[in-house]
Amino acid sequence: MLGEGILKGLGETARNFVGSFVSEDRLTTVEYPEQRLLPIENTRDFPFLVYDGADPDAGLRCVSCQICEKECPPKCIYIVKSTDKKPDYVGKPQFYPARFDIDISVCMSCQICVEVCPFEAIKMDTEFELSTDDRFGGLILDKHKLAKSNEHFQRIHPTEAAEVDARLAEEKEKVEAKAKAAAEAAAAKTAAESAAAKTAAESAARKAEDGSSGSDAEGVKP
Amino acid sequence: MNSATLDQFFVLLQHHLSALFPTVLQPWVSMILGVVGIVAVFPAIFALTTVLERKGLGRMQNRLGPNRVGPFGILQPIADAIKSLTKEDIVPRSADDVVHFLAPVVLVVAIFLGYAVLPVGRNMVLLNIDAGILLFFAVGASTELSIFMAGWSSRNKYSLLGAMRAVAQMISYEVPLLLAAVVAVMMAGSLAPTAIVQAQGGFTGIFPHWYVFTPWGFAGFALFVVAALAETNRSPFDLPEGESELVAGYFTEYSGFKFALFFLGEYLGMMSIAGYGITLFLGGWGAPFSFLTFIPSWAWFFAKLFLAIFFFIWLRGTLPRLRQDQLMNFAWKFMLPLSLLNLCVAAAWRFLGECLGSGTVAEVMRWLVCAAVLVLAYILLARTLLRRQNIRPRSYRYAD
Amino acid sequence: MMEGFIFGLLAILTLVGALAAAVLRNLVHCALSLSVTFVGLALMYLSLGAQFVGLSQILVYIGAVAILVVFAILLTRGAGALTPHRLIAAAGWRLGWIASVAVGFVLIFALVRSPLPASGDQAAKVTVLQIGQALMGPYVLPLEVVAILLTVALIGAVIVAMPEDQKEMR
Amino acid sequence: MTLTPYLIVAALLFAIGLGIALTRRNAILVLIGIELMLNAANLNLIAFWRFGPHPELMTGMLFALFSIAVAAAEASVGLGLVIAWYRHSKTTDLDEMARMKG
């Protein structure tokens, strides 16, 4: 019959109208600032810097190699290298960024900085509430705003973070093993050397008696 | 306070307030009070309607709707008003300044004039003139010109297209609207809205003598509702401002307060046409059952008005927009013949009433004959048109 | 006093609208000022007590004729750029104005000189009911003739304005 | 109020309408002028009805009503003609329409 479709449609909307008051399940929306949906795992918008441990300054993974700065297509990254060094996660002394700014008004979220970073130091964030009343200053994120803990990374991108953590742990293990091996070798070497040194020392002592200095003997001290 | 006093509360208030002034000024003061009443009440209902519409549409789409400003978002219109008042008023550089400025003003003034003869309660009508319905249609016709002014003066293709669509649509649907309304006028024997309401005032048993409860009245009411939707550019007839096609139609280039005026005009137009629909077919301020007459007449009117507004919102939440050719075909090939036939049926109703006498059997006979004619015409006409339209399941051959 | 003031306002509104329609360069402005004249005339009818005619004037002239004129202007692309000055006036425009001013003078002269009934205080209240009865009673023949005329005009206008190729198709 | 002011307004309106019809080049404006003249006549009819000796007979008023209906018919046909002519010759200029002579 004619007009049947209209009545059917009216019935459907009426059901929705009443139903939305009766059952909460029908409501497809969330009330945003109070309730939020978890972003899906592949969400990404702007980069952030990862740090390990509790101290953002000490734990920053970035070694200020400036690859990302060079690769960034819109040139939104600005890095100033430090003059001194500090130990990284494996304990090796590295440079760190004295300044690390990203202008997110320029950033195009291409993720190239993440791809090129050899130190897993820069990753994509899911933070989207970036609105500000300062068009220029408010959209330049400095090192302190960019630094976010590894736990944050693990929360927003669990799979990727697990991979990264595993790789870093492996590397660290490798480095430690290497260091250990090196240390063992060094220890063996020192042992051998110390044995040698002993004989040398003895001979040196003998020599010292002649009045000459034992300065080279000090250099072999472990 | 007994129910009669309550019923006439506002009339008495107006009377007592104007009695405070010297005799010479009294008619003027009384008139101004009436105008103030209309200018205060209907925009307030408009404000309420905007938020209720958004909430209602939200609920129909399983959303919550605005709920941030004030309790349950009820203060949303105030926020909207502040926003539109403080926004920059942009006039395009090539626009026709004077016409661009006048268009919203003319629209709102014309629509407010329509309220002058709308009876909102017993003895509650600003101008009780003889040709009230004619005045309503006259000012309704002049809104078309203001819409054209708005669209043309903006020097924008979307505005002009929207305005031309609006004017074509309003002219086309004004014919069935008038013809549908004429039925009630014919039966009441008067063009005065108050007289039409009086004519529907009686009760049979507990049921009122509203025109909508007769075959021709029901058909007239249905035609009136459809034509009213088109006249006020409401969905599903919102082609003139179809935002997916024309940005915002004829008020694309309006911002700030002028935009708010257009918005106000649109909703006031909707409410006034709903008010006249109520007056013509739904017994105006009359109670729906004889045992409910103790409730004040104005309360009934506004209750019906809110119901009508809810129905408009409900339709908007349900129906998709028509296409231009469908719109025109519907007006000229379907609405017009049916409303003309309805006119004949109404005449036959009156004639049969005189011929058959006043027994119950005669009443039922008359009712059945008139209803059968209308239903038959409806089915035949619609079938024919649908067959000619050649409606098939939609093919997506261009999309694939 | 009040009546005279209102009459003066309405007369100015009407005449200014008409004059604007005569001299404006933009066709749409002409049409809009024409509708101002129509409104002024309708209000004048209302002030004269001819309620039904006044409202019909608004309904027909504002709602139909003004819109029709505007549509015609847009359909003939008259709404675009301003008409150049030399194209506003027809060939013998000076003669035309002289003739029309002369006609106006003659009419007013005749009016002022002729003895007219100065009365008119007995404002007869004519209800819509009376008009309806008159239209259905003594004036039923003119009414039917007008009805036929309107139908013929409707069909005629549609056929005249129909594109040629569509006419051939039918 | 008396009859004369209304008649003067009507006369002026008629003169302006005549002026438009005689002097403007655009066919639509000529139609506008004719409408104005018809309206002036209507005003005359109403004024005479109101101030005449027998307002209760409604002759002038009904004549004005019929005149409005006829004017509407005239406007629709006239504008239809203008549009048809425009479609034919791409102009609404009356001086160019004079080609029809030959």
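When the chains are written out, they are named A, B, C and D in that same order, and each has its own residue count from 1.
The rule we apply is simple: contacts are C-beta pairs under 8 Å (C-beta built on N, C-alpha and C of every residue); 3 or more make two chains touch, one makes a residue touch a chain.
Just so it is clear, the model here is predicted, and its values are computed rather than measured.
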Quiz prompt | Pair exhibiting more inter-chain C-beta contacts, A-B or C-D | solution = C-D
Quiz item: What is the distance, in whole Å, between the centres of subunit A and subunit B, each centre taken as the mean of its C-alpha atoms?
Solution: 64
Quiz item: Between subunit A and subunit C, what is the separation of their C-alpha centroids in Å?
Solution: 81
Exercise. Could you put a whole-Å number on the gap between the CA centroids of subunit C and subunit D?
Key: 6
Exercise. Determine the centre-to-centre distance between subunit A and subunit D, using the mean Cα coordinates as centres, and give it in whole Å.
Key: 85
Exercise. Please list all residues of subunit D that touch 2 or more other chains.
Key: none
Quiz item: In subunit B, which residues are in touch with two or more of the other chains?
Solution: none
Quiz prompt | In subunit A, residues with contacts to at least two other chains | solution = none
Quiz item: Can the chain contact pattern be summarised as a line, a ring, a star, a complete graph, or none of these (other)?
Solution: line
Self-check item: Touching pairs - complete list by chain label
Solution: A-B, B-C, C-D
Quiz item: Hey, which residues of subunit D end up touching subunit C in the complex?
Solution: 1-9, 11-20, 22-26, 28-29, 31-33, 35-36, 39, 42-43, 46-47, 49-53, 55-56, 58, 61-62, 64-66, 68-77, 79-84, 86-87, 92-95
Quiz item: Which positions of subunit C touch subunit D when the two form their complex?
Solution: 3-4, 7, 11, 14-15, 18-19, 21-22, 27, 30-31, 34, 37-38, 41, 44-45, 48-50, 52-53, 56-57, 60-61, 64-65, 68-69, 71-73, 75-76, 78, 83, 87-93, 95-97, 99-101, 103-104, 107-108, 111-112, 116-120, 122-124, 126, 130-131, 134-135, 139, 142-143, 146, 149-150, 152-154, 156-158, 160-161, 163-164
Self-check item: Contacting residues of subunit B [partner subunit C, same complex]
Solution: 99, 129-131, 134-135, 137-142, 144-145, 148-149, 152, 160, 164, 167, 171, 174, 189-192
Exercise. Can you check the complex and tell me which residues of subunit A touch subunit B?
Key: 2, 6, 9-10, 12-14, 16-17, 19-21, 26-29, 31
Self-check item: Residues of subunit C defined as touching subunit B within the complex
Solution: 28-29, 32, 35, 39, 51-52, 55-56, 58-59, 62-64, 66-67, 70-71, 74, 79, 127-129
